[in-house]
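Residue numbering begins at 1 within each chain, and the chains themselves are lettered A, B, C, D, E and F in the order written.
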Amino acid sequence: MLKPVLLTAERIKSLKIQGARNVAIAAIKAIEASAKETKAKTKKEFIRELFKAKRILFATRETEPLMRNALRLIVAQIESSDKKKIVELVEIISQASKMFLKDLENSKKRIAEIGAKRIRNDSIILTHCHSSTVTHLLKKAKTEGKNFKIICTETRPVFQGRRTAKEMLETGIKTTLLVDSAARFYMNRVDLVIVGADAITSEGNVINKIGTSLVALAAHEARTPFYIVTELLKFDPSTMYGDYEKIEERSPKEIWKDPPKNLTIKNPAFDITRRNFIHGIICEEGIIPPHSVIEVIHRKYPWIFS
Amino acid sequence: MLKPVLLTAERIKSLKIQGARNVAIAAIKAIEASAKETKAKTKKEFIRELFKAKRILFATRETEPLMRNALRLIVAQIESSDKKKIVELVEIISQASKMFLKDLENSKKRIAEIGAKRIRNDSIILTHCHSSTVTHLLKKAKTEGKNFKIICTETRPVFQGRRTAKEMLETGIKTTLLVDSAARFYMNRVDLVIVGADAITSEGNVINKIGTSLVALAAHEARTPFYIVTELLKFDPSTMYGDYEKIEERSPKEIWKDPPKNLTIKNPAFDITRRNFIHGIICEEGIIPPHSVIEVIHRKYPWIFS
Amino acid sequence: MLKPVLLTAERIKSLKIQGARNVAIAAIKAIEASAKETKAKTKKEFIRELFKAKRILFATRETEPLMRNALRLIVAQIESSDKKKIVELVEIISQASKMFLKDLENSKKRIAEIGAKRIRNDSIILTHCHSSTVTHLLKKAKTEGKNFKIICTETRPVFQGRRTAKEMLETGIKTTLLVDSAARFYMNRVDLVIVGADAITSEGNVINKIGTSLVALAAHEARTPFYIVTELLKFDPSTMYGDYEKIEERSPKEIWKDPPKNLTIKNPAFDITRRNFIHGIICEEGIIPPHSVIEVIHRKYPWIFS
Amino acid sequence: MLKPVLLTAERIKSLKIQGARNVAIAAIKAIEASAKETKAKTKKEFIRELFKAKRILFATRETEPLMRNALRLIVAQIESSDKKKIVELVEIISQASKMFLKDLENSKKRIAEIGAKRIRNDSIILTHCHSSTVTHLLKKAKTEGKNFKIICTETRPVFQGRRTAKEMLETGIKTTLLVDSAARFYMNRVDLVIVGADAITSEGNVINKIGTSLVALAAHEARTPFYIVTELLKFDPSTMYGDYEKIEERSPKEIWKDPPKNLTIKNPAFDITRRNFIHGIICEEGIIPPHSVIEVIHRKYPWIFS
Amino acid sequence: MLKPVLLTAERIKSLKIQGARNVAIAAIKAIEASAKETKAKTKKEFIRELFKAKRILFATRETEPLMRNALRLIVAQIESSDKKKIVELVEIISQASKMFLKDLENSKKRIAEIGAKRIRNDSIILTHCHSSTVTHLLKKAKTEGKNFKIICTETRPVFQGRRTAKEMLETGIKTTLLVDSAARFYMNRVDLVIVGADAITSEGNVINKIGTSLVALAAHEARTPFYIVTELLKFDPSTMYGDYEKIEERSPKEIWKDPPKNLTIKNPAFDITRRNFIHGIICEEGIIPPHSVIEVIHRKYPWIFS
Amino acid sequence: MLKPVLLTAERIKSLKIQGARNVAIAAIKAIEASAKETKAKTKKEFIRELFKAKRILFATRETEPLMRNALRLIVAQIESSDKKKIVELVEIISQASKMFLKDLENSKKRIAEIGAKRIRNDSIILTHCHSSTVTHLLKKAKTEGKNFKIICTETRPVFQGRRTAKEMLETGIKTTLLVDSAARFYMNRVDLVIVGADAITSEGNVINKIGTSLVALAAHEARTPFYIVTELLKFDPSTMYGDYEKIEERSPKEIWKDPPKNLTIKNPAFDITRRNFIHGIICEEGIIPPHSVIEVIHRKYPWIFS
């Protein structure tokens, strides 16, 4: 019965599905499809299957908080329900999936609305890497008639900054591209830095594309405001209970195709930006200090800790 | 008579001659050759020619302090001499040229000896870009039996870090390569940062490859010692008299070969590392604080200010 | 029916009513008076009138969080009530108004009690501008027998520091007055800085009289504790949803009566002190870190977000 | 009836009972024993006795938050109960005592589990003074097979660091001991600093053995993570309401047995580490930023504020 | 014979002569005039008179380094001369006076030339108080066709910023005026801060109008370059030998004409900006780091230490 | 003939002679005595003996800059002399020895005079460890009628702070003693920190008793001025040429007499205080920034580099 889950898990592992949002959506849909095909006779059996599906999907990535939180929500809904019939449980899963997807969509929209207010006319905004939440926000600001410029770092090794630059140019925003290491050289002219997030930790730190913490350091040195733009569902509860943030090591080939023999190439995908470098997290709840993130999660998504 | 100078100037402009040291050597040799071919009859005429040659060579680059200082030395020698005969003046130029080249060679050797003492056994050294003075120092330390590891940033846009990595591996030094923006992620494990210099300013600041100041900032944040390795003849006296440091803008093509239309690409070749980030300058005079550099120049190379 | 509201709005606009507390009290009383005169027949009509009154009063100032929060409370009470009769609704408004005023009074008293404990014997306290919450606290400490000295900045352009100085002298406290720019010169002798607040933002930053952030910076540099003394009802929920803090521009005449032609005079009334400069907010809830302010508001005044 | 309380109070005062945990346990047991012997006839009388017992035990130490919070819990349970019979009330006290002790035990265990995850293989951990919560955590990490080294400061004046060193050596952990003032000299080699806490304040600051704040400062300068390991029940609610942190002055004899005449010896037992030096508090709730501690307490132990 | 000296001393004391430059010029001229009227018969007598004159003029101000250095130069010239005849000595004084005045004039011109190069097109320059060396520099930059804006602080208590603003407007420079405490609010938009100096100390610190160090602190926080513009002859050699910088206390009436009884008003005229806040000193020698100032003085004005 | 040198070397090695000053004096006297007994026939032979003596004495300590500089001076005098007769050379050594001792004495006196001016009335001075140059300065200030208090750290492991405390009490100065780790707790009340030096490096850093850099860090955090009091002859020229500062490791027994088995005890005698923590060096030349120390040495003691 878990075929849809196994198939999706395979596609996530092989990077056929990419991006926190896409991975989460695929996982939810796989769970939903699997539930519909279930042959479980009792709630107990059904739950056992559900946990198995969760384990399979969790194992596809070292860390992927958005997807994991989606599955946590579904499990929490089933566990807290007093329904017993399988059809009812399948329906609960369907409802929870829809709710999660709708919430995610609303969050994105809401974040864009809130964040767009932070874009001042005639200002210069710097961003690092590519984040669809960030570009959505900037397009929203442009749509509202704000006039501003974007500076993108190219974001080695795989140049996601170029993708950001293209999207910005297509929206009609004046765009400048730099090598990553020029961030400090231009920082004194920048009015605002905004970047996305891959995960948020219980300490209020943010995991994002390698180099983010260096941009944050340069922004801090120049007293330039630095904001994170993200759904709170990127919160990773395992950091709460002591786990270190997972920093994925990617292929050296991304950095140098034909390196000399014996050369060690280190290619961490992310780094950690500490809360004291972050002016605020622009999220579906509004603009909050990163220090309060665990209590905001406790209030808004208590099931994340279950 | 200025043919050798004109030819050399052309080759410098078209980047056929590159690297501060090579440019300086070529310029000196061109001056020497031109002097030997002179048709000047009087000292006055000879000096006029010399100044013309100097102007031509100065104009080949926006800033190139080592070459300029070489020419300043030659001019100073002629001006302070009471010799009058042309053959004598030609001889003075020959002597000055030899002296400068020998001094430069000695400086390099001396810097390597002094700097090699700073390399501790079992330490991790990070460097940015490629500097022959730095690699010379590291090879010297290796030759002396020191056991250490090197971390090289790749140094976008033209990957000089790869050249550094290759040289290090050939010398048998364990070498790791990173993207530039990973410098902060590894900084807490680094024991020492050393980089070269393109120019030194009267305030004691250092002009070097774009990204140097960001590495320095990350080193400062982690209390990791940061040293500049350079000949003092990279001092640029025009900064003394108010000129801003020249930051060359290079071709956007170095960053992105086929960028989208309307994209602005900024490609500054250098940035400025302020003296308060620099523990010391390892130079032919020993290890000095950058704050004292103008007085060291006044004592050791007073003709630079003439 | 909205006559009392319109009259009061006029008096607020023309600065006949001034000070966050006075403005809030006047607005509440105007709403209450208007409600008593209402000719509305249905709850729907009544609420429509109430919203209109709220809009009129909100429009009197660019930002005035205390007054706005008072009106938010009243609206929230009406909306959450299941009462339907007009007389009952009028009564609810009366009750809510009384409650707000009483709460405000209690907060002030409680803040003074809590804050007075922070005043050590034989200490030197520096304050900037005039805040009745601050002077109330200091008088309380004096009444309790604490022996301390006050340093007041004069607070250009309108010298509110003189008012603070007079109040302190009348209470028998030894008082010194400085020009604003002498704050750093004396900071090493200061044991504690306390100032009031005009507004608190969702990030935990504080809007207060121009110069406050400069005093905070100097306190930070000298490791001198810096506290904000304020009711939490100064919290501005619009900052939560992305709005920038409003910084009122006041008349240039306050700075220079007969300036030369063509001179631009900028006269911002406030500046922003970031949360990392603030040791604590002394408020009706106790002494809290500014980083936790949004969750404290969610717990204590949830209707502010409605 | 209060005999057990009086006896225990005496033993706490005379330092026969020492250590936050031991003092709390003794106080609870004394209350429980006293309750069992009560001759009170009415709930009112019973409560009066209970308050008296609380006052007596509070008075044994200037500040001892763990013990005080234990008593606060017991009182809160009695007050919120609608039981009226004495035997029932005695039973409530017994239950509350057991619950508190069990919670304390669970917290310790849970903190060790969470914190042990923070100990990386091949890392160097520095600690100051002796804390059983810290050593418990380190032993747990060792038991789990983690390989790491400990650096202990000796912790003048009474050398608790020696006790930590002994415990670590007994567990088979490689241990180095330093004088306190060598902490900065070794800090660049340290990967993690963890220390215990005597009290937590409402601002998120931590009171711990004298010298802790200096270690924290040196850790901050070197970008070395600094964590507090403690039960949240060390929170001191009186700081919420304005009280300064109590810093006990201990006997000069601890520092110098036969000092010269006229010498003043100051021997503060604790100092205060501000929240901005603390990466996280490792507690029974997980790893939290110190800035959010008051809201975590409000959520988890609301009776502390009663 | 010392009549001109006594008269001039009187006029300096009564503030009829003001400004470091004017005071120095008046003092020199008085010495010169007195020398011409001398009735001394021997060199010994002449020198005794000279020392007396020096003492009288030194005593007119607590500290006035430019004037004092002028007198030091004259005394040094006489002492080092082997001339014996009175007429010859008088002539030496005349020559030394002329030289000093000419040097001062040249310094001012040279500083303007050097400093003008630092003014970039389309930049915003902030200055505090009024300094003729600074305004001279800015006018020079304007004359050279540079297009830039000036922000002046009003500079309480005696509003010298208004004088700066007027001069700037007369030169056709766009000018904005602020209250002193708004300096931080605008600092992020400022490209360069330049201010004058009243004295330079042996540590490389600068004494200037009260508030300068606060502006420097705000510039430092925002990574805005901060330069001192001054003749090196403002160096105060007494700080070399341990004297504290003199900070003149001026009349409270400057701050508040009719203050309440018992109010203490502190009115320090200057504060001290430490060398680490100063990017460079723009002086007649070029742009130098403040750290090297004592060695520059030793090289250029060795007689200052005599 | 080198018997006096060998005997003295032995006594230095076995710590029978201690303290930078005593060691330097003993070494000079041994050289002088040896020279008088020489059997050398030629200047060449004499110089060979002198170098041998220098080598023997250098080898007694890992680093001892004052003694080494004394010997460097004597050697420089002999080498630069054109005298040839042995008796003349012996006389030169005698003269050089006397000069060095007299200079040292004068330096101490001069430092006390200069430094005493820095002690303000009613101020609190903190010092670490024991330095006779520092206590001499403080006694001088007391003698001049200054009224001030001293705070001494005890200075583990061998409690030199107790010696400082005793000397201060004997001079009638109010003295407080702390454990080393309480330095930060009291720093906000301290007006000035002064400490001695064991060596000065070419970068302008200072080697002094372990813990000095931690005191400096705490002073820096609290904006408390921090001064080094030392003769410039403590400058160590080998750091100029790349050598690391030598940090002597002393016996673990100083820290713990009977440590548990397997415990590693690290006992570094010194640490390094970087120039940016040092307001000034109070030396025989006056008060200078540490950044200029190499140029001051070049000017005043050029033979140190020979």
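In this text, contacts are C-beta pairs under 8 Å (C-beta built on N, C-alpha and C of every residue); 3 or more make two chains touch, one makes a residue touch a chain.
Everything numeric here is computed off the predicted structure, so don't read it as measured data.
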How many steps does it take, at the fewest, to get from chain D to chain E if each step moves to a chain that touches the one before?
2
Along the shortest chain of touching chains, how many steps lie between chain B and chain D?
1
Please decide if copies chain B and chain F contact each other with the same set of residue positions, more than half shared, or with different positions, and reply same or different.
different
Measuring from the mean C-alpha position of chain C to the mean C-alpha position of chain D, what distance in angstrom results?
38
Distance between chain A and chain E based on Cα centroids, please, to the nearest Å.
58
Distance-wise, how many Å sit between the C-alpha centres of chain A and chain F, to the nearest whole number?
58
Measuring from the mean C-alpha position of chain A to the mean C-alpha position of chain B, what distance in angstrom results?
44
Quick one: which residues in chain D touch 2 or more of the other chains?
221, 276, 289, 291-292, 295
Okay, what are all the chain pairs that touch?
A-B, A-C, A-D, A-E, B-D, B-E, B-F, C-D, C-E, C-F, D-F, E-F
In the complex of these two chains, what residues of chain A are touching chain C?
113-118, 120, 276, 279-280, 282, 285-289, 291-292, 295-296, 299
Can you list the chain F residues touching chain B in their complex?
202-204, 239-244, 274-276, 289-292, 294-295, 298
Sites on chain D touched by chain B in the complex
187-188, 191, 221-224
Which residues of chain B touch chain A once you look at their complex with the stated criterion?
153-157, 162, 165-166, 169, 174-186, 210-211, 213-215, 217-218, 221, 255-256, 259-268, 271
